[in-house]
Every structure is written in C-alpha cells, then in structure tokens.
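Questions regarding the structure given below will be posed in turn.
Read from first to last, the chains carry the letters A, B, C and D; within each, the first residue is number 1.
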Amino acid sequence: MFDTSFEILSNKKIAQNTWEIVLRGDTRGIAPGQFVNLRLEGFYLRRPLSVCDFNDGTLTLIYKVVGRGTEALAALPAGTALDVLTGLGNGYDTSVSGPRPLLIGGGAGVPPLYALAKALIREGKTPAVILGFNSAGEVFYEEEFRALGTDPTVTTADGSYGVKGFVTDAMELDYTYFYTCGPEPMLRAVYAKSVTSGQFSLEERMGCGFGACMGCTCKTKTGHKRVCKDGPVLTKEELPW
Amino acid sequence: MFDTSFEILSNKKIAQNTWEIVLRGDTRGIAPGQFVNLRLEGFYLRRPLSVCDFNDGTLTLIYKVVGRGTEALAALPAGTALDVLTGLGNGYDTSVSGPRPLLIGGGAGVPPLYALAKALIREGKTPAVILGFNSAGEVFYEEEFRALGTDPTVTTADGSYGVKGFVTDAMELDYTYFYTCGPEPMLRAVYAKSVTSGQFSLEERMGCGFGACMGCTCKTKTGHKRVCKDGPVLTKEELPW
Amino acid sequence: MVNTQVTLSGLVLSNPVIPASGTFGYGYEFAQAYDINCLGSFSFKGTTRQPRFGNEPPRIAETASGMLNAVGLQNPGIDRVISEELPKLRRVFHKPVVANISGFSVDEYAECCARIDREEQVGLIEVNISCPNVHCGGMSFGTSPESAAEVTRAVKAVTTKPVYMKLSPNVTDIAAIAKACEDAGADGISLINTLLGMRIDLKKRRPLLGNTTGGLSGPAVFPVALRMVWQVYEAVNIPIIGMGGVASAEDVIEMMLAGATAVEVGAANLVDPFASKKIVDGLPQAMERLHIENLSDIIGGAHHG
Amino acid sequence: MVNTQVTLSGLVLSNPVIPASGTFGYGYEFAQAYDINCLGSFSFKGTTRQPRFGNEPPRIAETASGMLNAVGLQNPGIDRVISEELPKLRRVFHKPVVANISGFSVDEYAECCARIDREEQVGLIEVNISCPNVHCGGMSFGTSPESAAEVTRAVKAVTTKPVYMKLSPNVTDIAAIAKACEDAGADGISLINTLLGMRIDLKKRRPLLGNTTGGLSGPAVFPVALRMVWQVYEAVNIPIIGMGGVASAEDVIEMMLAGATAVEVGAANLVDPFASKKIVDGLPQAMERLHIENLSDIIGGAHHG
C-alpha cells in the first residue's frame, strides 16, 4: 500500500457514462487486477477504481459516472492533483493461465482485463477476449484490445453492436483457463458455464479498501474474505456459488 | 441581497496574517460599511468579510488568516470562482457626517473605513483617519489612505510604528462626527472618549448573514438588533454601553 | 408531467418542501430574494407567550458539514406575532403557514396554540417540544412519552387545526415518544429537531457557544434524521414531516421513501438563501430521473420493497 | 519540549492517541504502512465468545463528512484472538493493547473479559455495550443505567485490569449511564460509539445497508461526541476515553479540554491509513501553537475557565 499524489493528465468521456482518466505519478507496486483508491474533495470515503493500464509513470483508470462522486471526478480538469492509495488488493495470478486463457469482461468490469491481457501477452500467451455491454453506446476499448493483438468478441444485450446476447453466449471457445470481471449476475453465469478453473474479480461497497474495517467481507468456501484485501480476485474454487 | 459568482483577480499577503483579495464580478448594490458572505469549498458556513473597496467591476476585501477557513481562502489562486452573497447589512450613513468626520479603524476593522473615506471625499468632506494596529508588521493601507488625500495617524500598541498606544490616544482632534470599526474593547474605548455622535460597525459570529437565523442578535437601547441585517453599523445612541 | 402534491392531515401542499422553523424567520428576508409562494408552506420562527431575547452570544458555531446554533427561541412573543408578523406575512405569502409554537409549561403551550389556532393564515400547528437551547422546558417535554403526551392532549383540547408534535432526536426511543403523541391525539409528527452538540474554543479553552451547548443541524445529521423518520413511520399511522440536513431534491425523496409526507429544509436556507426554491425547482427533474410520477406514491416506499 | 504523556488508570501512554476498535483490525494492515508503536495504544476489533461473520452486505455507506457501517462485530472469536491474533500482534506492537470485548449476555461479557484479562499484552479492557449493529444484546446493554451497571459488575468481578465501559450515544441521558457504570465499579468510560443512522438507495427504493441501519461515524458526529464527553466529565470522577469524528491533533486537544484523558481515532483511519500517525506527529506542534506544555494538564480544562 502506497499513499501517493498523482496528477491528472487527461480525463475524458470514451463511451456512454464511461470516462477514462490518465494519471501521472509513482506506479510502483501496481499489478493487473489490483485497484487504487482515490480521495475526492467533498466526499468522505475514497473511490476504489480497478487498474486498467499502467507503465513506469502513468496509470489509466476507467469509471462509470453513476453518482455524485463520479460526477465530481468527471469534472476534474487536467493538472488536478489526486491523493491515491495504490497497490491495493490481490490481483490476477497469470502463472496458472495455460497458453490460451479466456478473458471475459462486462461493462465496468472490462478495464482490469486490459492490463491483464498485456501481462499475459508479455508472457507469451494468447488470450481470447469477450467484452459484454448493454448496447452499442457503451462499448469501449474494443480497439485497444485489438491493438494488443487480441481479437475481442463484443456482445451487446440489445444486439445493437456485435453479437446479440450476453458474454456467456460467446463462450463457446477452446480455452485453458479464464479470468472475469463484471456485475455479479454475469460472474455467476460465467461460473455456471465455465469448463475450466478461473479467477473472478469481485466488487463490494468498501470502507477502507485495505483490509481494516471488514466492510466488504464475503463468504467463501475457505472462510470469510475481505474483497478489498484477500480479493478482489478470488478463484472459482473459493466461490460458494 | 444578490447571489453572485466572482472571480479572483489577485489574493496576496499585505501584512502579518493579513491578506487582500480582489474579485471581479457584479458589484451592484454594494455600499461602504456593508459586508459580503463568501462560500468556501469544504466549509459549511459562509465567511462574512467587510467591503474594503469596490468599483463597477471589482471588489476588494481584506481578511486576517485566523483559522482553517481563512487559511483555505488564502490558498485560492487567481482565476478561482467564488460564490458570494453581496449587498448585506446596513452600511455607514454619510449624510450625517458634517464636514470633518473622524474615521477610527483597528486591525481587521480598518478595511470598511477605506470605502467610507472614498465616499466621504466624493461628497466633498475632509475625513481625518486613525488606524490602530498591534505592531509595525500588521500595519496596512496607510499608503492607500494617503493616496486618497487623507493624512492617516497610525498607532501601534507596542510603539514599533507611528504613535505608541491605542487609537484613543490619537483622538485629540477636532471632528464633527465619527465612524469606527474594530475589536469590541476598542469600540468601547472610542465610545467612552468620543465627544460627538458616531457610527460603530459591530462584529458577531453569524449564521446566515441576512437576518434569518437570529444567530448574531445584540441588545441595543432600541431593542434587539441583528448585527447582520439591522447592523453591522449601529449609531452611538443605540449602543447600551 | 410529474405531480409533486402532498396532503398533511387534509392540508394540501403543492409540493412537500417546507422551510423549517428558525431558519426562515417570518419569511420577509426570503421574500426579498424570491417569491416564496413557490414553497409548499413554511414553518415560522418558534413563538412563545412572552417575547424572548434568547441566549448570550456567540450563538453559532461551524462543524463538519453542519452548524451548531444556540439561539434560544428569540421571538417577539405571541401577541406581536399575531398583531404584527402575521399581517406583514400575509402580504408576501398567500398559502397556509405552519405555526411553530414553543413553551415552558403545558399551560403556555395550550394558551399559545389556542390563540394561533384562530388565525386564518395558519394551516397547521407544529408544537416544538424539542428545543435543545432553553432551560426548564423546551426539550424536556420531548424526552419522555408521558410529558410529550401531556402537551399533546392539552393542545388538542383547545385547537381545531392539525397538530404536529416536533420531536427531539436526543432520546433513546423516538418511536415510543411518537407513539405516545399519536395515542394522545396528535395529527402528525415532525422530526428531527437538532442534535445536542458543542464546540470548544481552543485558544480561550472555553465552550465556543455562550450557552455551552447548541443544536447540530446540516447534512451531518441527515442519516440520523432519516433513521428516526424510518423508525417513527414503523410505529405510528399519522403523517410525518421529516427534516434534518435536507439539502437537495434527492434528499427530499430519500426522506419521503423513509416515511415522510412532507419535508422541512433547515440549515440549508442559511448557507444558501435560495436553497428551498432550488429544491422545489429541482424536484420534477429528480422525480423523472427516478421514474416517480406522483410524489405522494413514494411515502414510506422503502419499507415495503 | 512538550510532554504528550497521559495515564489511564495507571496505564501510562506516551501520547493519548488510540485507534478505535473496528477501524484498526488487529493492527497488521497498519503495521505494514508504518511503525504502529508510535501510537499511545490501540483498541483491537470487538471480540465475542463465538466467531461471527457479521451482517449481510452492503455494510458501508457514505454520508456528509462521515460514513455508516453495519459490520456487525465480525471477528474470529475469543479463542482465535488469544491463540492467533495476539501472538501475531506481539511481533508488530510492543505496548499494552486495549482489548475491546462485546457480548450478547452478561455471562458472555464476563467470560470473555476474564479470559482476555489474563493476557499479558492487554493493558486495559474496553467493554462495548453499545454496538448498534447487532440484534439481541450489544447496544441494548448500553441504553439503560441498570443493564450497563450489571455488565460492569459482572466484568469487574472477574478481572484485574482497568475496565472501561464503552457507551452508546443513542440515549437520552448519557451522564446517568456513565454514573451507573462508575457506581458499579468501572475504572473509566469510553465514548461515543456510533450514532444510529441510515441511508436509502434511491434507485432500488430500499435501505442501502443490508442491516437497514448502521452506525454513523466521522467528523459529522464530532460535536455530539464532544458534548457527551463534556456531560460525562461533569457526572463522573473516573477517566474518559473520548472519541467520535476525531481527525486532527486539534480535535484531540478539543476532546481533552472537554474532559477526555485519552482519545480514540476511528473512521479517520479508514479514509487515510496514516491518519493516527499524522495525529501523533502533529500533536507537539499543535500544543506549542496553543501554549500547552503538558498535555495532561488540559484534561477537562474547558470546564473551569
């Protein structure tokens, strides 16, 4: 855990209600599947956002504007300094992926899979990617995934873009392992349809984000886990679904 | 009462703990002796500041940095937008001043006398000015008063600048009326020593600043008065001292 | 077109927004800023039998997302309210007003309520048994079910208009006190008054307020107010006027979902004189965003989901 | 050189800053961020006889200048706290710790306190009779003087270390409950626990927390906490640990002026993991600015000014 000051380089809308913010600062100790926790002036609790991309000096996050906090975040101009806790949570374990892992993201669950895809490719693996959205206006990062050399399948619930249906409708693939992030109903559907082991990135309302307050505890087959500290990534074997 | 947005043109230290802020915006309905009420991000109550100077498009305020609120105000850079309620309170009545009014300001009570001096001079009167401070480092606006054509007497309690002593030690003057603003002990001393009628600008912790909450009521010979609405300027005859 | 109308014991309000007693004077200061007839109603400054100066200064202190006040029921007394304030008010406000009455004895409550009940402008009487800033009386009537019921019975015996008892949050069991008021004949419950708080002046090392303690209001108390409205809604079958830290149209909706039929706006008026108007103006848009057609449909809606 | 040392019933603390139970776990997460031995002490996660999962999610909601939590005493149970947590804690924290104990019956309080009393690392026992987030027990013991006294007597009968009763602010008369604890033998009083509050999810039209209500903490409650510390200081002659919304060295000083001998820091740890350390580090400078040489000199200082 590091408490760092980042500077906003850019903060722009990239799809319906969806914003991408690029920050400059110390990115040491950040890993795919982890999250960072932003302090916003005028709001008491921090806002946890999953890591979408990072390199030596920049960090990219993607967020949905869903309430007053994210509205305030979307209004911040470039140059603003942000107090950010980094290095939070257990990220994805890429060592168990096998050669052809499947990455399944839904809506606001897409971003962490981007950093993961980069890491897997760096390790010489060939990830397949399924990105699910409600409708065409919400689709983002298809091109970015393509630029990595993957061939993402995009699904939309209303069929306005790509394959009509849910991510599970596109899961008829040959894969060695899977990684997924998205709303819980989607995660449960992926769980039910999956034929290999895999890793799930969970979401829960958090107090602190670093394991102190027990605000985000969930039940697993191996005991109570704090989504923020023991997760957000849990394995298929741990989930009591 | 107007609710207006002002933009900070400059915000700089002019003496020990003392800052001058110049704002650009709609100054209609602002009069000498009145105050404005500033909203500061992160603070629930507004900060009332007396009007130091104003013209068609700019407003000058002077404030002491005494706590977290004024510290935050002092940190605001030029260009910042401020939500300001203007046109608050009853200002000085210049019609009763006679030809040679005396203006007596102490510390943070000096600023409203500047706009008043300008108004009196515009009316063809010859104000005499006494400005009291604790010590040399706190002295401000002596030159500004001089530039108006007045010849201010500056007193310091420790004698480090000007006349050693309190403003009342410099009150041996021939005057037709007086106007004063400063800490209550000073106002009471002026009251005791004055030989003419005069007007006092009072200070009290305020809730709203526009007469609604009764948070700043004081007792006078003519009933209960709200410092923010019936004041801040009260006449010598009203004060029960 | 959304419908913002609500009804309090037969009194129809065009919208549920009511500036709270003590934050709106007798209306004139605000009438100078905007046409206050856009409001559902407003609750005037707490009135007692005798004129009162209130407490020694300072009476106001700032807190995180809130403020303390220890005004102590400054008011001109019921005689002048009836002879001077109400006629002046009539010129700027043309709807029934909520008359907020305080007292220091059961008799005083009854006498003042009986007198204000006869005034045509008054639509509803709000009986403040919860002022934290006066000694002997005020809040003490609101801290036990028995004394709350006693005041309720005395006032109901001498009035014809709806009587709403305004309760203190500084109690262990707000629902029991509300229930006692209902059983004693109250037409409705108004809550919450302020939470008792204090601040200390670090330099002087003395309490900041002249009265030592004061009443906390502002967004800081909203979650406590909401919880108490929720609890009272579960305990009684009479309407509730909810208040405590309301600052937006969304807050009004949240209060109504918890069980409020109408909502008072307090401290927000003091930091933004246009706050109540902005809330009224913002309601239709907030309702559309939340798919609410008739505002009165959502009263207590969060209890049965 | 200023002196920040204070003494709680014979337990000497190098400074009055104690992270509050439930916001500091058993210390490890913070020990990874900084050396927690800079703290006066810390109060570990409320411990019960049986392991507890706590309440269903969501357990956290945001409010203006504060937060609601409805964790519901999640903890591994007294057996594992003694066998696993305390040995782990010993490696990162070398001072006496405050053991926070909760229960659902007088027997359970007594049994857990008796067992934790025997642990060498424990310097003081904080008996939580005020958790608002558990049903049957918890807060109900803290809402009447009689039951508070009963728990106090039972715990005192089986312990040797200082026993501090942690009180709920959700009561009409906090001073009476504190006095009852003192009369029953308590060595000190710890207050305030959280204020009961709630929020509603406007889109779902249902309470936001899984437990419906939760405990409000953060700067929003500071003025209420300060007032209650003030009142309890006037009522009892035993030391007070003050808490509720403390976020700065100045807040610590304000709490001490109101009557606290030591001060717990709660929610601030959750929004800034370094908050308690920053407060410890900031104390000497704040003391110098306010001309305080010995911090213990100002305890209750605002009462006699």
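Points worth noting:
Keep in mind that, in the parts below, a contact is a pair of C-beta atoms (placed from the backbone, for glycine too) under 8 Å apart; a residue touches a chain by one contact, two chains touch by 3 or more.
Computed from a predicted structure; not experimentally measured.
The minimum number of touch steps separating chain A from chain D is 1. With chains reduced to the mean position of their C-alpha atoms, the one farthest from chain D is B.
Chain C and chain D have centres, each the mean of its CA atoms, that are 34 Å apart. Here the CA centre of chain A is 46 Å from the CA centre of chain C. If each chain is reduced to the centroid of its CA atoms, chain A and chain B end up 56 Å from each other. Residue positions of chain B with contacts to 2 or more other chains are absent. Listed for chain D are residues 61, 63-66, 218-219, each touching two or more other chains. Chain pairs that touch one another: A-B, A-D, B-C, C-D.
Residues of chain A touching chain D in their complex: 1, 3, 39, 43-46, 69, 85, 204-208, 210-219, 224, 229.
Those residues of chain D whose C-beta lies close enough to touch chain C in the complex are 61, 63-66, 68, 143, 170-172, 195-200, 202-207, 212-213, 216, 218-224, 226-227, 230, 245, 250, 253-254, 257-258, 290, 298, 301-302, 305. The touching residues of chain A, counted against chain B in their complex, run 41-42. If you check the complex, the residues on chain C that touch chain B are 22-25, 29-30, 32-33, 45, 53-54, 57-67, 69, 71, 74, 218-219, 267, 269-274.
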